[in-house]
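Structures incoming, each one as structure tokens.
Shared between the two complexes below is chain A, which has chain B as its partner in the first and chain C in the second.
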Partner chain A sequence: MVLAELQDVHFTYAYADTPALKGVTLTLEQGMLHGIVGLNSSGKTTLCGLLRGIVPSFHHGELTGRTTILGRELADWNPDELATTIGCVFDNPFTQISGIRDTVFEEIAFGLENLGVAREDIITRVIQVIEQLGIEALAEKNPNELSGGQRQKVAFASIIAMDSDVIVIDEPTSQLDPEASEAVFEIIAGLKKLGKSIVLVEHKIDLVAEYADTVTVLHEGRVALTGTTREVLTDPRLRSFGVTPPQVTELAERLAASGRPLSRVPVTRAEAVELIGERMREEVGGGYRTA
Partner chain B sequence: MTVTSLQEVADGYRQPRSLGNPILDLNPITTLCVIVALIVTGIALGGWVPSLAVCLLFMVAAVVAGRGRTYLPLILKLWLGVGLILFLLRALLTPGHVLIPLGRIAVTTEGIEQGLAFACVVMAICGGVTLFFEFVPMRHLTLALERLGVSPQASYVLLASFQAITDLGATAKVVLEAQTARGVETEGNVFMRVRAFFPVLAPVFLSAMAATEERAIALDARAFNSSTRHTSLVELRRTRRWEPVLAVALGVIAVGVIVGRALGWF
Partner chain C sequence: MAIELHDVGFTYPDGSRAVSGVSLRVEDGERVAIVGQNGAGKTTTVKLMNGLLKPTEGEVIVDGESTAKRTTAQVARTVGYVFQNPDDQLFAADVRAEIEYLPRYLHWDDAKRETRVARAVELTGIAPHLDINPKDLPAAIRKFVAIAAVLVSECRYVILDEPTAGLDQRGFALLGTLLDRLQGEGIAVVTITHDMRFVVDTFSRVVAMAAGNVIADGPLPAVFCDDHVLNRSRIRRLEVAQVARDLRLGDQAVSIDDVVALIP
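Right after this comes the complex of A and B.
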């Protein structure tokens, strides 16, 4: 089954002058990590809201076109069911937690309580998630007194505990320092390994290159580019939509411009290391080729 | 933290919550009824002696329950800040038999009597409210209410309001510090402080409002609006059988005293 299929979707927020989405047509497959990139106000958060059903049920406005989530039209979903089928973590660490629980353990349990899970099952599940994310040290802390990075981890733990197959994540690291960002990305990579479908909005393109299977570039409410991570990140038009390619891709472009292209354009670091290593062995072995 | 201690944390949830002694472990509703009944009885009996007795009873209860160290200093401050002022105002401004003339005003016998009674009544109420919050964690109160059929949404409002007070205080402090750092005068006399505080309110409330919408979405993602019956990780102790009896008995006494006074029995 397809995770989401959008056909010519237009959406204008109530009281807004211009549409936030202007004819989005996009297919997202299940079991993959889909990266969404684009300039500010290009419609990324709106797209996430649509997949999660809060557009248009919570953020009202005018929605046209067809949106199908997991084979069912958006309008046919019961909002509560959609809320638990598609988990989401947004950017602001301070609003991702309930704010009414005394310990992280209880906070992670909150969603399960709301689903009516029995106490012993809640405890087992919460322990499992805490161990999975390695946040044992936070278990007894008050969630309202954590740092941004810690809160974001707890937000992930809380959503993971509910075990939805799809997780929509909007700029999870925009307010975190590099170390905390790295930790959050490890969590996301772990989710991908578990076979979850993930839609991830992220500005840090190097991280997207590293983790995403597909990338979609939004520009002024339209899909500017979409395809495999490699296709999109090596597309010459990428910059014209305000997206800078990964550092290693830029490096390869410069090498190509100086007439010494690598055998392939890398998008991840590992690839670059491999390609550059290959090149160095060639050059050491065969002497310097002239361009 | 080691794995065993995560297990310990988990084990804590496998048993009903205990705060460590029988008074604190009363059902929150029992505590509420007892405190209200005592306050009402004290006030209904009239004069300052019964109200003062209730105040003292609350203090004794706090000490017995092991909360004297936090409750007593707080109550002392309330007596000095509220009780004493109320007493002095009444004592000085009530006309009657002059005891000590002080220029245009005077301490009167009637003033002292009324002041004492008024201060003791107010302090019995303050003392009771403070004692309730000293004894009962908000979370326990909402759990008890939910057990009586109150909706989780209502509990949320109650818990979130209390959290908001804490948060607003914290944000206000941050903004005040920021303004002090920018050279805005925030210290000094009461007037200065109030004037410094008003510009603080706008950013504090705006940030709280903006957060509300995102919170609502986050709660929705946690199935808060699901129509299934919610369960609870934290379990309150079973209410002992005599607790409702105690609450009702004290309630009956309170009502009896009110009726008795109204009919002029004593």
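Right after this comes the complex of A and C.
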């Protein structure tokens, strides 16, 4: 079954003059990590909202076209059922915290309680995600008295605690230090290994390159590019849609521009090391031959 | 003229020890990046610089005067702080009112108010949004509104708390230009960020924090070529510098340019 299928989807928020989505056609397979990139206001957050059904059930507006989620048309989903099927981290870590729980531990337990999970299971599960994110020291702190990044970790922990099969995450690492950002991607990769499907909006293109299976570039409410991570990130039009290629791709471009092209364009660090290493060995070999 | 922190410590009311023994100096007109792990005490440190928090130990001196003797509003006139979370800062019903709040509060005359507001709006590119409620704007634009609301003041030091979070390519370009223009006007800028590419491309002095302490302070290599500092502050070399290391081309490369020059 496919995770989501969108056919010529248009959406205009109530009171907005211009549509947020202008004819999006896109298929997202199950069991993969799908990266969604693009400029601010290109429609990424609206797309996430649609996959989760909060567009248009909560954020009202005019929706046309066909959206099918897990084989069922969006209109046929009960919004509550869809919300529990798809776990979701919003793009604003500061508003994700419920504000009504006294400790980080209880904050993370909150969603599970709403699902009616037994208390013993909640405790086991919460302890597990707290360890996964390395936030043991914060468990007893008041969620309103955390640093920005600590808050974002708690928001993320609350979602993965729910253990839903599909997770839609809108910029889960925007406030995180580089090590914590990598840790979040590792956790997401682990969830994928367990068979879960993930849709991830992310500006950190180097991490997207490393972890995503597919990448979709949104531009002005339309799908500008979509395909495998490599196809999309090496597409010469990428920059024209406001997306910076990965650093190693830029490095390859710089090398090519100075007459030192690599045999292929790398998008990940491992590829870059391999391709540049190959070039360096050729240099040595070439030098030897002419000598 | 400078902001000086002398052996500063701060403990929050709930007992959390956020910073200890921090000594730091930001000169007039200087540009400094602060990096480091989540919870390291970066936000706390800069709130101490603008008087939002007063040190529980040590002393913070702004242009020769201790912040302990002045109100937050007084210190904030010299040291502007843009909050990490714009929602903690913005309160007005539309963007224009937000930016005009301070000029009206200070009873500036119309001419002065209009000039300062126009400059802040122009520097931050928020002209299309003046009539909108900040709450209805996307997070990245809300952040620029928060920056404008601080730039309208006549502060000599501007502190930006994670202006790069969730920023797209256009936003980065705008922010880069903004920093250059402020520097051109002789205004010091202290920026907290988790974006190492931005640090390397935009700053020459970087302060690394870990567990409430400043663990390195100096030119880029003082942080980006020191494994001990990188590990403790949970930050990373640029991806390309890591590639250079993986290829055994040494660990002195900091920027993309450095790496391009290293590869035969």
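Assume the second predicted complex is superposed on the first by the 267 of 291 C-alpha atoms of A that agree within 3 Å, B and C clash if a C-alpha of one lies under 4 Å from a C-alpha of the other, contacts with A are read in each partner's own complex, and residues count from 1 in each chain.
Criterion: a contact is a pair of C-beta atoms (placed from the backbone, for glycine too) under 8 Å apart; a residue touches a chain by one contact, two chains touch by 3 or more.
Predicted model, so just to flag it, every value in this text is computed and none were measured.
By the touch criterion defined above, A:C88 lies against chain B but remains apart from chain C after alignment on the C-alpha atoms of chain A. In the superposition on chain A, A:V117 makes contact with chain B only, not with chain C. When the shared chain is aligned, chain B comes close enough to touch A:S98, but chain C does not. Of the two partner chains placed by superposition, A:L63 touches none, neither chain B nor chain C.
In the superposed pair of complexes, A:I54 makes contact with chain B only, with no contact to chain C.
Taken together, the two structures place residues 92, 94-95 of chain A in contact with chain B in one case and with chain C in the other. Taken together, the chain B residues at the contact with chain A in this complex read 1-3, 5-7, 9-10, 13-14, 137, 139, 152, 155-156, 159-160, 163, 166-167, 211, 214-235.
Looking at the complex, you find that chain A touches chain C at residues 38-41, 45, 91-92, 94-95, 141-142, 145-150, 153, 171, 174-182, 203, 206, 242-244, 246-248, 250-251, 254-255, 258, 260, 269, 272-273, 276-277, 279-280, 283. By the touch criterion given at the top, residues 52, 54, 58, 79-80, 83-84, 87-88, 90, 92, 94-100, 102-103, 105-106, 109-120, 122-123, 126-127, 130-131, 136-137, 139-140, 144, 155, 158-159, 162 of chain A touch chain B in their complex.
Within the complex formed with chain A, the chain C residues making contact are 12, 14, 16, 35-39, 42-43, 84-85, 87-88, 138-141, 161-162, 165-171, 194, 196-197, 233-236, 238-240, 242-243, 246-247, 256, 259-260, 263-264.
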